[in-house]
Amino acid sequence: MGDTLTKVKITTAFEGKPNARALKTYVDNGGYAGLKKAFTMQPGQVIDEVKAAGLRGRGGAGFPTGMKWSFVPKDDKGPKYIICNNDESEPGTFKDRYITECNPHMILEGMIIAGFAIGANKGYIYTRYDFFEEIKWLETAIREAYDAGFLGDNILGTGFKFHIDHYAGAGAYICGEETGLLSSLEGKKGQPKLKPPFPAISGYLHRPTIVNNTETLAAVPWIINHGAAAHKTMGTEKSPGTKLFCLSGRVKRPGVYELPLGYPIEKLINEDAGGMLPGYNIKACIPGGSSAPILTAEELKGLTLDYEAIAAKGSMLGSGAIMIIDDSMSMVELLKVTVDFYHHESCGQCTPCREGTGWLANIMTGIMAGQGKKDDLQRMFEISRNMEGKTICALSDAAAMPTKSIVTKFGAEIADFIERGKRA
Amino acid sequence: MSETVTFKLNGKDVTVPKGTTVMEAARRENVEIPHFCWHPGLSVAGVCRFCMVKVEGRPKLEIACNLQATNGMDVKTDTEEAKSAHKWALEFHLINHPLDCPICDQAGECGLQDYYMSVGKYQSQMTRPKVLKPKMLDVGRDLVLDTERCILCSRCVRFEEEVTKTGALGIFDRGDRAIIGTYPGEKIDHNYQTNLVDICPVGAFTSRDFRFKQRVWFLKDKPAVCPGCSTGCSVDVYGKPETRSYFRLKPRKGEANGHWMCDKGRHMYSHLNQDVRLRTALTTDAQGRRKDTNFAGAIEDLGKRIAAVNPATDVALLVSAQHTSEEYKSLFDFFVGELGIKKVFQWREPTEKIDAFDGLLYRGDHNANTSGLLSALKEAGLAAGLKNEFDAVASSGAKIVIAVTPEVPSTFPSFEQQLNRLTELDFVSFWTLAGSVADNKKTKHAIPMKGFPEKKGTFINHEGKAGKLDSPFPCPVADGRDLTEIIAALKQWRHSHGSR
Amino acid sequence: MSEHNHKLNSNEPAPAFTPALRKQIESFLTRYETKRSAILPALHAIQDELGWIADEHVEILDKEFGLHRVQVREALTFYSAYRQKKPRPYHIQFCNNIVCCMLGANEVIDKIKGHIKKFEEKGKESPFGVEGVPCMCVCDGAPAMLVNKDRHLKVTKENIDSILEKYASLKSGV
Amino acid sequence: MAVVKVPLPPIDSNVFSAGWGYITTIAAGMWKTLAIFTVQLLKIEKTNTLEWPEQAATYSDRFKGKHFLTLRDDGEVRCTACFLCATNCPADCIHIEAGNHPDNELEKFPVRFEIDILRCVFCGYCEEACPVDAIRLGPEYAMVGTNGGKWVYTKEYLAERKQLSGGVISVKDENEKHPIVEAPKGSRNAKQIKSYARHGIH
């Protein structure tokens, strides 16, 4: 791999810099250069550049960003919207918060470029409400950008008009789903919208809308600035570029690591993060936020961190939230926490998800209370299997996949717990 | 039908207009795709996830209600994968459903029951306690809401948003705690609320009016046209022929009304039941003694009285606009054509606002056949105006007045008052359904009539469109006749007694 | 998700809107493309200002600001950020998701509950209320909690007492 | 149905023929009667005839006699007026009128529940159909009355014979058939749960 593993900082370039969030720091270090360069290009060229860079959505699904942008109807003269999905809520993830903390201007610049590319004049940053500090930083950054002429009716004298406003969520995991986010932005319950039509055709207020993850948008200025080719030199062929990995659990140095895709996971855990805390061993690992199927310690051997390699192991890279489960954690408890979370967060719109998550949580409550039945594991597997791929959004799958994997891979431990009717 | 697409549905080629969903196409082809949230009169919600179909070449099952048919698409509703999806979708709907079918009015016409029989999983795996939610909520004049039975298909919420545009219902909370309801302490207050009972695929909304009256499997439904106003909604009348009783009206899809009908129309069965109807004919003898008689007796009495006077000058007709065009034709053919009567008057409600319209269905003209009556009058060569003509009747000097009363007294607030006024006249023969005619001690002559579900004929609505009544229930009143039959009997009597 | 703090305040009268709050809500009505979008920010504003959202507040939003009450209530009940009952002066939201749970969140929550119980046994109202919440996305600092708007990271059985004490002493004058 | 064939008396032509034969036959008959009378009078042989009503007849446990309605613990009929018995009745002898129970949580109850016993064929289908074990056919077989007798049994009459509840076939108690579920904390009061259990998880 050699060269492709060079640790270039794209989205965390301002990590640890003094006064990192200020506009001045950003501009002094090459900020808004991407935007200026983008203005010298045609909107179509910007999209092509992002496409060529192979940038994939960093929110979890990994959909190619340039492709998404190109779905927006070009001849539509009405309002279009760019939404930054900063509603970070996937358990285990904390990268968007980190980007906001490092330098929110990067997000703004990415949004302006995206707006320029698809012809949108309005952008929203949708952030979770309990990022109280982060919201303040964002608001400050927006104000600074307006003052410096990076936002407004005539940006840098180009005649391009773009406004960004900020919107706070209200504590719903489902609003991290793009159409759920749009519903929420419209002041409705955050229930995902039926697709088709896709948001790029009919999204916010039935207008063409692009919803991108914070990390995706933050990577855009660098790509425009350095070119698609430079971006392609990092990472793997199918997953180019760098990605933020949120490492948590009982490792010595948990935190956000910006690494090129294709980075070996063992190297990340043992070298970058300094290994496990003394006395603890890896029992399992959830590689992409709590929605990702769990991997056992054995499966981590030789695993590289890119979309394809993890998919080959039957899990997914998702949002890059790597949760190391150590041997102090009971898998019954892990399953209980997981299904409870999805039960709490299911929006209640689609029946299989509403009832399925409730049913799973109900069964787990029974198991925890010592009322577990022998066939509960089989039942949970069946329920999960029939929840998958049946709903409007992926929350149902997100609940089903980890359940299935935990039940399959750690079934013996749970069965033992049920058998004894108490904590294993 | 400008552009069409052709696709395969269960192996059969189907051609539909472009933009048609697979669900709509399947309905046209009589292919059953189980569904709860989809309703032809509402927007697509796609939340019940029941109408899963397999499209060859696509990895996942698709929901038929949001799947537009495209050329060459190969859709299958009966693959093992789709069938298993239906089974499980129903199972998910059922796990928190209380299964209180024994006390639920929806039993017998419940989506959950029907689909359980056709696509059910039978072996439930639900072993845990169910989620409990509020029951028996009073959310409107005619609505009882049981949120535990609710499957959150959101049809009612969409109805409130899209049809009545009141937005009075919402889904509160989320996940499996979600509860449908109005704003606390508020009630749905519009004239279309019972539609919620109809569109609810389960027993979450039940009608207070119909509640516990009868199990639906005892009922027979027959198509008819609502007599409540000049819109002429297509309806189904639900009755129990064995006991000669009626229980409810429901809308049937029709040109005039789409899928809906108003709550006023829903009550157009209550005047038909025996307890409020005129059950026997009445005559009064020379001594002024009133007695019950049969139909033949009443006709004989009336025939004699008409024969004793000069009908052209001494007989007047007072007609309401709630009977069929066919009846009016025979009525006027006989009285105007044969007897030469010129004194034909209309029974209308003095307070009516004929052009009033609520924007959806309900009109100010509470007569189903004003247009039909007017054209029959015109055909008979009589002036056709729309006004209440009681004064004219009173001052007409007629010795015999034949009053064909409105069928539905409840649509005429002044019904009793007019009845009282008419009984003051010399001799009035009431042809009516209303039992109150017999209760009035001064009534001298009355003939019971058939109600709208008991006769055949046509109502012409405000647009001039015809609505057919063609599958009659047996009349609960033995002597009940429609106008055509009464006229035929009168003619017969006159014929056999030598007068023309 | 456990809730522990609602018993004493259930019949609390709804605090009235301040003029500043009204002005703020007014500004939301025109700030976004649709009026309906103002529902979430307006509810946040009410909660920030008054601590919780009462039914009366929803009715004011309907009558005075033209936000449909059913829509407002839908949002109010759907989103878990909004509180419909008056919270204690220090409302603790403790993450009990995977990582925090693994690093001992439940034990800390139990300890906080024990702390609250001690107050109640003395017949006093504890200044603290605690509820378990889903992941707050600060897993690198697990276990994490929010006390009103202050985020605390790496909260353990050992250091929770000193944190609570600090808040309790702030509260002592009230 | 089995048909009992009664053999015709043998035609005896030679011995007691013509005029005197019937006297001999009567005498033989009288002798038989006298013999049995004597045997029974002296209690030599056990009699099959019961001295009803002084002596009670016993029937098989599965005998389906006069109906009765079972009661809940609070003394009201268990019937929820679901009409399933009436639907299932081949003789169309059950007439129910349902109404709103004054206690909202119980919802539906029979205002009237009548059985026209003269139409009833005692098939027991009503018992089979009942989802809440409210109607049973009891052991009573004597249904006597005169022309003016009350042949239509009312709800009160059907429900008043408490000594019969517990029945013959359906010995399960309410909780056994409809297990009471544990309610989530604070969700509903016990009465609701009871009504819930009553209307059933099966």
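Just so it is clear, A, B, C and D label the chains in written order, and each chain counts residues from 1 on its own.
The definition used in the following text is that contacts are C-beta pairs under 8 Å (C-beta built on N, C-alpha and C of every residue); 3 or more make two chains touch, one makes a residue touch a chain.
What you see is a predicted model; the values in this text were computed from it and never measured.
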Next item on the list: Specify the chain pair with the maximum number of C-beta contact pairs.
Entry: A-C
Next item on the list: Report, in whole Å, the distance between the mean C-alpha point of chain B and the mean C-alpha point of chain D.
Entry: 44
Next item on the list: Measure off the straight-line distance from the CA centroid of chain A to the CA centroid of chain D, and report it in whole Å.
Entry: 71
Note to self: Centroid of chain A to centroid of chain B, CA atoms only: how many Å?
What the structure shows: 55
Note to self: Can you work out the whole-Å distance between the CA centroids of chain C and chain D?
What the structure shows: 65
Notebook entry, point to check: chain D: which residues touch two or more other chains?
Noted result: none
Check: Got the chain C residues that touch at least 2 other chains?
Finding: 71, 74, 78
Next item on the list: Pull out every residue in chain B that's touching 2 or more other chains.
Entry: 129, 131, 171, 173-174
Next item on the list: All pairs of touching chains, please: list them by chain label.
Entry: A-B, A-C, B-C, B-D
Note to self: Considering only the defined contacts, which chain B positions touch chain D in the complex?
What the structure shows: 98-103, 107, 129-132, 135-136, 211-213, 215, 217-218
Checklist line | chain C partner contacts - residues on chain B that touch it in the complex | finding: 167-174, 182-184
Note to self: Applying the document's contact rule, which stretches of chain D touch chain B when the two form their complex?
What the structure shows: 80-84, 87, 98-100, 104-105, 107-108, 131-132, 181-184, 187-188, 192-193, 196, 199-202
Notebook entry, point to check: Inside the complex, what are the residues of chain A that reach chain B?
Noted result: 172, 189, 194, 196, 343-352, 354-359, 362-363, 365-366, 373, 379, 382-383, 386, 389-392
Note to self: Which residues of chain B touch chain A once you look at their complex with the stated criterion?
What the structure shows: 44-50, 52, 60-61, 66, 84-85, 88-89, 91-93, 95-96, 125-129, 131, 151-152, 171, 173-178
